[in-house]
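First the structure, in the form of structure tokens, and then the observations on it.
Here the chain labels run A, B, C and D in written order, and each chain numbers its own residues starting at 1.
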Amino acid sequence: MSVGWKRRRRAALMAALVCVAPAACNRENRNMNAPVPETAPKGVQVSDLHPGPSAATPSDPRGREYEGNATHIANGQRYYKWFNCSGCHFNGGGGIGPALMDDKWRYGGRIEQIYATIAQGRPNGMPSFADKIPEQQIWEIAAYVRSLSGNADKLAAPSRADEMSSIPPISNIDKAPPKGDPDVSKAGGG
Amino acid sequence: MTARLVGDLSPLPAAGFRSHGLWFWAAMGFMVIEGAGFSLACAAYVYLMNGAREWPLDGVAPDLGWGTAMAVLLVASLVPNALMSRASRKRLAGPTQLWAVVVFALNTLALVVRGFEFLHLNTRWDANAYGSIVWALILLHTVHLLTDFIDTCFVTLLLFTHPIDTERFSDVDDDSVYWGFVVACWLPIYLLIYWAPRWAP
Amino acid sequence: MTGVAEAGALTALDADGEQALARTWATPRGLWGFLTTVDAKEIGKRYVVTGLAFLALGGVLALVMRTQLARPESGLISPDRYNQIFSMHGTTMMFLFAVPIMEAMGLYLTPLMVGSRTMAFPRLNAFSYWIYLAGGVMLYVAYLLNIAPEAGWTAYVPLSGPEYSAGKRTDIWAQMVTFTEVAGLAAAVSMATTILKMRAPGMSLARLPLFMWSMLTTSFMVMLAMPAVMLATSFLISDRLIGTHFYNEAEGGSNLLYQHLFWFFGHPEVYIIFLPGLGMVSEITATFCRRSVFGYPVMVLSLLSTGFLGFGLWVHHMFATGLPHLGDSFYTAASMTIALPAGVQIFCWIATLWDGKPRFATPLLFVVGFVITFVAGGLSGVMLASVPLDLQVHDTYFVVAHFHYVLIGGAVFPLLGGIYYWFPKVTGRMPDEVAGKWSFWLIFLGFHLAFFPMHVLGLRGMPRRVYTYGADMGWADLNLLSTLGAYLLASGILVYLLNLVAAARRGWPAGPNPWNAGGLEWATSSPPPPHNFGATPVVEGREPLWLPGEFPVMHGLDVEHREVLLTTIADGKPDIREGSPGPSIWPLLSALAVSLLFIGSIFDEWFLVWASIPVMLCLIGWFWPKSSHSKLVKAPDDKIPGALA
Amino acid sequence: MTRLRGRLAIAAALGLGGCRGAQTMLDPAGDQARDIDVVWRAMLIVCGGMYLLVLGFLAWALWRARRPAAVGAPAIGHTPAERTLERSLSAWVALIVAGLVTLVTISFLVDRSLAEVGPQPLRVKVTAHQWWWRVDYDGSPQSQIVSTANELHLPLNRPAVVELQAHDVIHSFWAPNLAGKVDLIPGRTNYVAITPRRLGGFRGQCAEFCGLEHAKMAFDVTVESPEAFEAWRRSQLAEAQSPTNAQQVHGQQLFQTKACVMCHRIQGTEAGGSTGPDLTHLMSRRHIAAGALRNSRGDLAAWIADPQGVKPGTTMPRVPLTSDELNDIVAYLETLR
């Protein structure tokens, strides 16, 4: 094989590797070393009733990382059961607590807003877990909740858990864009 | 050591039927592989059935209608299949073409019946282990139904478009053997999917 | 590279006959030739070289593991990295090195040893190699992208299930298993058909070389065992991607179903790996002891019974799962019974050594190393077969020592001896004897230094697959010793490979039969011409080249078109002449289409439907009929065997 | 035969014979382990004997190779020695069959004796989690159940039946000094019978690959006199003593307001989480974090400060604590005798 051909083939291979790499490597990485202590997302708007104009919720880059990482979503699934979220929200279909698989989010459906809802608690029964669940685990539970409505990375979401299956495989749920995201332009929640 | 001539191979014929040719052995090899796959899938079905409290798990067995229709259709198709095989081994172009078209038609009909079967399984693959193994068995058989559909279509087409020589006749004959295998595989699966839930204690 | 047969090749036609045949069977030059070749020798060489490359990769992974375990509580690699490495080591060695390289040796040698011009389905062999290469490349690209498997080469459910194995790692493993199984099945179908239908005239089953008997048994075991793991991994990947419940206990599934399906394949798999090794030992022992192997019928019976019994004892991998012990003791008896055929074969080889005039070239050294190591491994296997003892040593380093003794001892030693033995036939050059002896001693002593202490580690309670261990457990010194042995073994393998690479260019030219062996493959030139045999050899005994008198041959096969002789199964009487397909690009295209389907279906299950269209198109292109062979060679068309008219 | 001598020397040096150790099958301290040791010794003798026979025959064949290699055509058909070889082959087959039958019989008999369980066995329930063991002792009224983690207390000479279940993946319960291993499989209940015959502390470890921290999933087994066992059991039933000085009280408050309370249980206090180990009598245990660390104040502080550092991948999170918060919590935990 002429040298030109070989060099072109190697370049094509490297290009293929490079473009695939970032997508795959985020989904799969597991930071085994002690994680830097996580902090809550800042400036989260959960309601659009505020005097005068104000910016919508800034999107926290860690949100994308948690939503796109398979290990964080799997841990979120585990903690969703451990911390008894299923007690009120059942397996995502809702019951005492609101459903988490549809597209109606009274306090916002983005991961930062779900984090705030878990941490601060909400009226009518949602307890505040601020100090009770470390920050990283709240991020992970929020990522799992996002995957329940198909908004997390589909490739990262597990298809089911080893238990009675009451919801269709969440790796197949087609994306339900969050309505009721309290951005500035719209008045009132979803 | 020097070589000494002991015989001449030129008068040998250049084609043979069934086990004399090589293609037949490829079909036999894949039949052994798929036979092993089918029997293990059926063993898995029985394993899950024995492990379950009640079978089918959500209580609704598939409707008998279409499955039985498929079984009857496939067994019936063995007659034209045998006639096609005999005609091809007698190297009679006319009858071979005729029966090949009949077998191809029955094969197409079988695919249509299989479509209806899917609608009347009364379970989803992600409902529970019963649904998963039923869909696995029926999908395994459908893949072989499809491959033989394409093979029969391909072989029948060539009977009309290309000059027919011994190799074509031998291809038709090998295809009839493979179709016999596909029919033979359906019978145990039919019993498991349609009758096991009804007989299970 | 395809030199015309020099003088001395017994089955050469006259000069222009050989040239015509060489032209008819030649592989096109350049890249196009590389991609479309169907010459079993080209594909066989490529397969063996790729297998050895994966041996080297798997070996490096093993060295990293041993370095991590050399000292207690060593922080060299994280547990996630270690889990990926030991899963990759097991998967590479079992699926990408051991089974493929044994089938590759079969692909190269079967046509030469049974006296045929090529394999039964040349394009199927090419397809087998491309699919195997695609599986191996996919696994190592995934490893670079941090998506390597991490649940061991057995990947038990529920650890490998959707809940406890996040991401695409186990899906890549499951799909890679499907790749290598398809490759293995394709090669097995081709090899079994060649051995049954394309033997030289006169070669009845009673005159079939022992290596061919072991490849025949292996091919049937492959065809019956591999569907089990394809089912197990297909069920696993559908559980993980579309939420089926094969292994979900809460929805009626069963975790043990996976173990049953996996080990129904798993145990025959290890016999698929070392049965060809037993065949190679028979060939080497006969040649270097100047005596045909003692007890041919007993050897064949042992091979067949090992193959048959191999399917009846998979549950001895599951003694600790709490299955009823009465059932387990059946498997104890079955597992111990398989020691009988192995013991008989060992006796026959040593009897051949005892009664023959052994000449200790490197291949025979590897045979002696094989006997010493494999018997120790077989006996520790008998120990593991006992249910009570297995409850103590299962999943400990005693088991790690056992299966390295029977796999490296039982398969890699004969393989290294076999590659050295047939190297002159493949390349036409002799490997260096001194380097050969050095590599043997390094490998032998390195192996025992590395793996014998593991027996004691297992007895002292060290479990398997641990990324580290406590300093106070008393395992540190033996692990250090084992790591030193591992490096010594690696250096031996390196010397061996370097010896072959150097000899390929600068070795002494070897004539058609440098070892004065008796098999048919030594009747051609070294390296053999593209068509293997000009004149068709006729076989009148088990070691054709050792028979007194002149070498019987037949003429009459066409020289202008690719044609092979098919003979009857039992007594090898000439039956028909069948056309053999020439070089074709379709196997490569089909392999690419199938790879697209397999890899795509990991990321989106609709690939199973849409990618099957290019696969279908490639298969139609592949099977598109060519002109009738009987018209080409103007063969008689009246008495067709098997016809009813 | 240099190779032979070299290998025997290595075997002797490594002390293949019995050797003391807390986690080895070579030092049996229970009925089951002693029965299996009988099988092990029988195997060693029979298989070792067969191996020496093979090596002897091989050595003889290699020694015969020294005689002058007669030049001549290779032997094909029957050689003069064929008859003797055939007879010795049938003798060899008979020997193998005899050896195998003996081993199968011994193995079957011992296997049956393992299945027998002594009268009124002590019932213990062990549930395996990803990377720790939950141990529950039965009690007639509900309140009599003792729940502890990563340790097993057994009275001497009294048979015990351990009921094995798994909460997530497949693990394997294995204390080699006492009995063979049995897997813990989700969806199945397995049992292992243990009859300890010697006092002392032994160690067991998970023997089926179960994920990231499979290597650090050990448990302690303490065999003590029946009286000591009853004393231990009564102490385990008692509720946690309430903290005395201010630092311990502050530590308890921290424990109940921080994330600890979500997973751990301390009987007699508000903490009732069941996903993590029960800490009511934490300090009575020899090790913490499933055998990864000894149970001392320093190790406890190190484990709470950074569990991922000790066992990367463990499900215990890093709870952010200031150093004096950490000291208060550790001081409180030390009151849980």
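Note that contacts are C-beta pairs under 8 Å (C-beta built on N, C-alpha and C of every residue); 3 or more make two chains touch, one makes a residue touch a chain.
Every value quoted in this text rests on a predicted model; they were computed, and no experiment measured them.
S.K.: Is the C-beta contact count larger for A-B or for A-C?
M.R.: So, comparing the two chain pairs, more contacts are at A-C.
S.K.: Return the distance between the CA-based centres of subunit A and subunit C, expressed in whole Å.
M.R.: Centre separation, subunit A to subunit C: 46 Å.
S.K.: Counting only Cα atoms for the centres, state how far subunit B is from subunit D in Å.
M.R.: Comparing mean C-alpha positions, subunit D is 51 Å from subunit B.
S.K.: Measuring centre to centre with CA averages, how many angstrom lie between subunit C and subunit D?
M.R.: 37
S.K.: Can you list the subunit D residues in contact with two or more other chains?
M.R.: In subunit D, residues 168, 186, 212, 312-313 touch at least two other chains, as defined above.
S.K.: Of all residues in subunit C, which are in touch with two or more distinct other chains?
M.R.: 78-80, 158, 163-164, 239, 242-243, 245, 248-251, 254
S.K.: Among the residues of subunit A, which are close enough to touch at least two other chains?
M.R.: Within subunit A, the residues that touch at least two other chains are 30, 32-33, 78, 160, 162, 165, 168-169.
S.K.: Using the touch rule from the top of the page, what pairs of chains touch, sorted by label?
M.R.: A-B, A-C, A-D, B-C, C-D
S.K.: Which residues of subunit D touch subunit C once you look at their complex with the stated criterion?
M.R.: Per the stated touch rule, the residues are 3, 6-7, 10-11, 14-16, 19, 21, 23-26, 33, 35-36, 39-40, 43, 47-48, 50-51, 54-55, 57-58, 60-62, 64-65, 69-70, 73-76, 79, 81-82, 85-86, 88-89, 92-93, 96-97, 100, 103-104, 106-108, 110-112, 114-115, 130, 164, 168-170, 172, 174, 176, 179-183, 185-188, 190-191, 203, 205-216, 291, 312-313.
S.K.: Sort out for me which residues of subunit C touch subunit B in the complex.
M.R.: Checking each residue of subunit C against subunit B gives 10-11, 120-121, 124, 185, 188-189, 192-193, 196-197, 201, 220, 223-228, 230-231, 234-235, 238-239, 242-246, 248, 251-254, 257, 260-261, 264, 535-536, 538, 545, 550-557, 563, 565-566, 569, 574-579, 616, 620, 623, 625, 628-633, 635-637, 639-645.
S.K.: Which subunit A residues qualify as touching subunit D in the complex?
M.R.: Against subunit D, the touching part of subunit A is residues 30, 32-35, 37, 75, 78, 82-83, 131-137, 162.
S.K.: What residues on subunit B touch subunit C, complex-wise?
M.R.: Against subunit C, subunit B makes touches at 1-22, 25-26, 29-30, 32-34, 36-37, 40-41, 44, 47-48, 51-52, 57, 86, 89-91, 125-133, 135-136, 150, 154, 158, 162-163, 165-168, 171.
S.K.: Okay, in this complex, where on subunit C does subunit D touch?
M.R.: Per the stated touch rule, the residues are 78-80, 83, 151-152, 156, 158-159, 163-164, 249-250, 254-256, 290-292, 294-295, 298, 320-322, 325, 328-329, 332-333, 336-337, 339-340, 343-344, 346-348, 350-351, 353-360, 368, 371-372, 375-376, 379-380, 382-383, 385-396, 444-445, 448-449, 452-453, 456, 459-461, 463-470, 473-474, 478, 516, 518, 541-543, 546-548.
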